[in-house]
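Following this line, the structures themselves.
Below are two complexes that have chain A in common, paired first with chain B and then with chain C.
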Partner chain A sequence: MKCLRLFYLLVYCVIFVGSASYGFAQSDGGISGNFQIDAQTYKEDTLIGAEAIAEKMRSNGFLNLNFTKGAFSTGIRYEMYLKELNGFDKNLGGENGNTGITYRYARYSTEDYEVTVGNTYEQFGNGLIYRTYAERGLGLDNSLDGAKIKLTPVKGLQVIGLIGRQRTFFNLGAGIVRGGDIDLGLNDFLENFGQGILPSTFQLRVGASVVSKFQKDSDPVLKLPENVLGYATRMSMSFGDFSFNTEYAFKYNDPSAANNLTYNNGKALLLSGSYSTRGLGINVSMKSIDNMDFRSDRSAILTNLPINYLPAIAKNYTYRLLTLYPYATQNNGEIGIQGDLFYTFEKGTLLGGKYGTMITLNYSRVHGLDTTQIDEFTYNSEFLKFGKRKYFEDMGIEISKTWSKEFKTNIGFMQQYFNKDVVQTPGYGLIKASIIVAEIAYTFAPKQTIRMELQHMSAKHLEIDNQGNESDALPNLDGNNGNWMYALLEYTLAPSWFISAFNEWNYGNYYDGTKGDKPDLRIHYPSGNVIWVHDALRVQLGFGRIRGGVLCVGGVCRVVPASNGFSLSISSSF
Partner chain B sequence: MKNLFLAFGILIFVVGVNSCDIITPPYREEVIIDTTVIIDTTVPIQKALLIDYTGYRCGNCPKGAEAAATLHKNNKGKLIVIAMHTGRTFAEPTGKDGFIVDFRTTAGEQLYNFLGKPGQPTGTVNFVSNGAKREISFTGWATEVQKQLALTPKMTLKLTWTFAADSVLNLKTDVKYLQAGAGQRLAVYLVEDSIPNAQEDYRLTTKPQIIPDYIQRHVFRGVIGGGDAFGEAMTATAAGGTFSKTITYDFKGKGFNVAHCSVVVSVIDDVTKNTLQVEEAHILK
Partner chain C sequence: MKRILSLLFISLAIVSFTPTEDTKKSIFPAANVKNLKGELVNTSTFSNDGKPIVVSFWATWCKPCIQELTTLNGLYEDWKKETGVKIIIVSTDDARTAPKVAPFVNGKRWDFDVYLDENGDFKRAMNVNSVPHSFLIDKDGKVIAQHNSYAPGDEEKLYEEIKKLTAVSDK
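Our next item is the complex of A and B:
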């Protein structure tokens, strides 16, 4: 492996020196990139469940380096996990920490075509059958190592073909992925035959994609499909203030660890529409998925080796207490709807005041699909029907108002229904939570702002059965439960300094020292951060107790264990 | 350019049309099990140890147990299976619904923590790592088991034991080295088979998804040969030499059903932690 890394470095040295000496095109070459290092110290804190970490301090880091000269570009990414920050997949750091070049590519690109060899990222449509991407916060990187060709034979028409194996930590996955996508932007395409065939207010785009994976069947017990095919078709259109987007995907039998070895076909339907006009915006969407977990290794689980991406249908909140119960997409089956409404009361009206007032309403609801088991390996499901079991529901209202040039507020009230039994851990029942948030920002001097957040969550834990019937019995509880309060104070000295302190208090925890075998868990989680920004450089130093939880990005989640210690993050781009 | 586009279109067509295998029932391979397999003890045989990390409150774990049972049957005399109930999420007793007895052990938790508390069901085959990862999802066990059984053995194990009327097991292990070995450890585990106890099983379609009288197979009961989950250090031994160790274990007051108990002895590489050879002895058989 070390020899291979050395080889890569040598190849890149040759390419860089060679390109600098002889040049691939007429323009001068340029180097760009970015880096980030995140480090954290760990102190054992048995009360919050923060484990002792043998290394005491751990660090994740990466450097992206890109070189472009004319139509040619190349790049590498160096990554290090010494060892991986607690909560990231342990395969990143391995037993003794890992470093190495995990991403390298060379690309030649013209107006008509683009050829890339090495690692590539790509998304077909909404990603229902193919999306390779990196989400560093989750430790997810499923880039395809192989070749990709992108053709634009005529204006408005783009065709993509690719083949390769996916990254899994510091190795490649067992399967080979092949795929193609065709995308037709009708407005641009018709311009090849003359101007104004379609009105400029009407935009139409259609596309189709196909992806297949191969993995050898060496299972002596089951007959497994070595080649698994998925396909998708899509359309998006906009007309005036309206827009509409839809995609349907299908996947043939693909028994795997992630879908409990079912031989059912998979399918997914995504519909979304929006209306936007001055002062008003409305978005509605609907999604139904059944057995659409698609990976290039049938034994892979969690964030390892996904081929596709199933978008989340729940609002992604940034307020701290609203991240306690985040919804994770259930790839094996769910159906949901979401709607958002934004309305701005105009300036000078009774409710708008001098600067206007914005009100935001949100509602989302996700259910399971009702299924009937046919035999050990197959089941019947009702694809477009809301099943009996509700997985998640969220409704909220936020009112944002600017009172003066110096003073702004945002208040919100949300109610959540979180079926932890399904979404996270069986046996942990249902959580019904009401959350209120208030945010105040006051600019008291040029470049100096004080911002304060106050939040409260009232949470009730109930038992629930697999038919969706609730009971008042107390389910299993983990260390974080019951009611919470949160307060944050942040001082900004623009443009370089941000200093904040906050505290989360689990004052309503069931375990008050008298119940079960647990100590009093009505714990405070105080923390602070100092951020310094200078041009592209950003340095963040933090300290405190951080509660454990689950971090989700776009419905894909990882566990974040509780921690106590210092954190340092340095990032920049060039 | 036009040729390139044409070739590309053909490639996508080929991918779309040909790259799919549709499997129709029956989904199981027609496996013919050779019940006449005789383990010839005069010929060194490489054996493998499959540890199934499980939990009685893990609704997906019966599928793992079933995969382990099938592999055990298909590799009769060569594959040794241990089920370790580990972790808080799926193995911690709740005190209700039949989840009373705590099947977790100190050594089991040590191994589970060593793996980084992976999601269950999962398993290790000879504790080998594929890259940085040792745990393998149950769909991947068969492949790894075949790989491990195909290795050339470095040693053979001979177990000689007596079980006295006063409930004391006296077990002697002779490790005969076929090639010189150093930096190894000897671990002796106790396993109890066929314990009826409740088990969650998500294959059940009605609530509660619990089988009250589920038969828990190959349940790990702990280390009985000294040391931790990786046993105790062995002395370096030349090729052709034998390392011997004798242990005693008193079953009195332990509550284990000796008729269902077996002892699993494994030789472990101290650096890689891989199982190099393993043997099982059913105490009363």
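Our next item is the complex of A and C:
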């Protein structure tokens, strides 16, 4: 195994040395790639719950190398976890740290077809039954190691077939995944038979996919399905300023650790419609899922070996305090709606001013599905009905205004309902929070800008029972953090320097030093960053106390424990 | 299986060294992205009649990206007139936020060419690590400048580079 890896490396080195040109975006003969190295020191800080780390310092890193020549391309990724940064899955670093080639592929692609062997990433439709992808910031990678063929036999028609095993840390998962997808763009397709059969203002696409996984049943008691089939059909159309997108997915019974060994079938429905014209955009979507956790190993949990992707139907905020209570999809059953509105008041109008004003509205609400247990392994559920239990609700308004070329402001007000018992861990009750955000950017000299952010969260913690009845929380309810305040000051000198300092202050914590034997938990989390950017090179030095919380990138979240220390991050592409 | 794979790798590697006649030279590596109508478009077809192209990777949830693109949108009309530059913006939004891209872009009154790279194929081909990441590409596909972040004022440096590029090609 080790020998083979070395051998691959050698082959790649030969290829890379053999190619000369550099710095080309295009497809003709060149090496390109990127890398990132993160390192952090850890200091024990019992007050914030930062544990002592035996290694004192840890580091993650990766390097991608790609070589392209004409229709041929190949690449590798080297990854290291020495050991994994605190908060990444412990299996990445293992007992003593891990390094190795975790990704390699070779591809030949023409206009009509594309063949890839090695690791591949792909998404069928909206990803309801198949999505392999990597999110480096979360340490997540479920790439399929095997073969993939993409065919475009006629214009408008694309067929994909793939087979392989999924990556799990530095190994491959236990199951074999097979899948196929067909995508038909009717407008392009009909052009094969003549011009203008469909008007260009009307676009129609349809698609269908199947995915099947095989895993041996070695359970001594239960009879488990070894082959599990899932399929999905989809349609999207747009007519003038309107567009509509829907997908329905179904999955046969697949008792697993993640779905509590239920023999129920799974299903998911996604509906999304939007209207947009210059200055105004509206999007409304609805999603219902029941027992759609789909993995290539039935014992896998958390972020390990997912075959499909079920995005959270809630706005993805990046404001610091709004990352305290982020919603994560409940794969075993939920129903939700979401609406967004974007509107820009035109320049020169009363509300638009000289440079325009933008307003963003957002609403989302997610409930559980009502279910009744039939026996130990099956249940009935009401798939398209909002159940009694509310999991999450969020509404927000943001107004951003450019007053002059030098002065910009952004203000926001959000309200959230977060059922922590369901979304994270039982025993924490529910949180109702109101958040105010204000941001000011002032360019006081050419290329020099000062940015200030102030945020405040007032939060109330309540207890909630299985029927959805709320009651005042016991004051000693764990994690009764109450109110938060946040302030940030950032100085930028374009194009290279960013210097920022910020503080999070949990001033409303119930534990103020007088309650029981708990210390004063009204803690400050001050920290700072210095960033230097040169072209694609980025060097970031950080230090301070970082509160524990959930870090979300895209639709996936990872729990990041509190830490205290220095961090260094270097990344670039070439 | 491993042996077969490695054989395949080597044979492909050898194939890559045999001289081939490129009939069409594309500026960008090939990857499938979608336009706002939902049509599949291959990035190898991106071009701007020999004039420079700016490609900016962004996401609807990325604040500095939006700041950068809002600034560029205000300057785009003038830049186009003076240099003929084309700005292509590529959204890295996944299934969670991808349905918002078209309403967002329209709501912002942006005038760029907009594409969605939901599967990340183009992002990987261009070695983009995080957003915002912008490239200035010349007519031969050479990366003249790239930048991974946005600070107010970056656009001035970018425009200087664009002007340099068009001054050279005018000669």
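Details
Heads up, the rule we're going with is that the second predicted complex is superposed on the first by the 545 of 574 C-alpha atoms of A that agree within 3 Å, B and C clash if a C-alpha of one lies under 4 Å from a C-alpha of the other, contacts with A are read in each partner's own complex, and residues count from 1 in each chain.
One rule holds in what follows: contacts are C-beta pairs under 8 Å (C-beta built on N, C-alpha and C of every residue); 3 or more make two chains touch, one makes a residue touch a chain.
Quick caveat, the model's predicted, so the values are computed rather than measured.
With both structures placed on the common chain, the touch criterion links A:376 to chain B but leaves chain C unconnected. Once the two complexes are overlaid on the shared chain, A:126 sits against chain C while remaining clear of chain B.
In the superposition on chain A, A:98 makes contact with chain B only, while chain C stays out of contact range. Contacts of A:210 after superposition: chain B is touched, whereas chain C is not reached. By the document's definition of touching, of the two partners only chain C reaches A:70; chain B does not.
By the touch criterion stated above, A:231 is placed in contact with chain B alone, chain C being left untouched. Of the two partner chains placed by superposition, A:41 touches none, neither chain B nor chain C. Of the two partners chain B and chain C, it is C that touches the larger number of chain A residues. After overlaying the two complexes on the shared chain, residue contacts for A:323 are found with neither chain B nor chain C. The part of chain A that touches chain C in the complex is made up of residues 4, 7-8, 11, 14-15, 18, 23-28, 32-34, 36, 64, 66-74, 106, 108-109, 111, 117-118, 121-123, 126-127, 131, 133-134, 136-137, 158, 183, 185, 187-188, 203, 205, 236, 238, 243, 245, 272, 274-283, 285, 309, 311-313, 316-318, 340-344, 355-356, 358, 360, 402, 441, 443, 446-449, 492-495, 497-498, 531, 533, 535-538, 554-555, 571-574. Of all residues in chain C, only 2, 5-6, 8-10, 12-13, 15-17, 20, 22, 25-30, 37-40, 42, 44, 55, 60-63, 67, 70, 74, 94-97, 99-100, 102-109, 118-121, 124-130, 133, 135, 137, 140-143, 145-149, 151-154, 156-157 touch chain A in the complex they form. Touching chain A in their complex are the following residues of chain B: 1-2, 4-5, 8-9, 11-12, 15-16, 18-23, 25-29, 31, 57, 59-60, 63, 67, 70-71, 74, 89, 94, 115-116, 119, 129-133, 136-140, 142-143, 146, 200, 202-203, 205-209. Residues 90-95, 98, 112-113, 149, 151, 153, 159, 161, 168-171, 178-180, 182, 210-212, 214, 218-229, 231, 252-253, 255-257, 260-261, 263, 298-302, 372-373, 375-377, 425-427, 465-467, 476 of chain A are the ones touching chain B in the complex.
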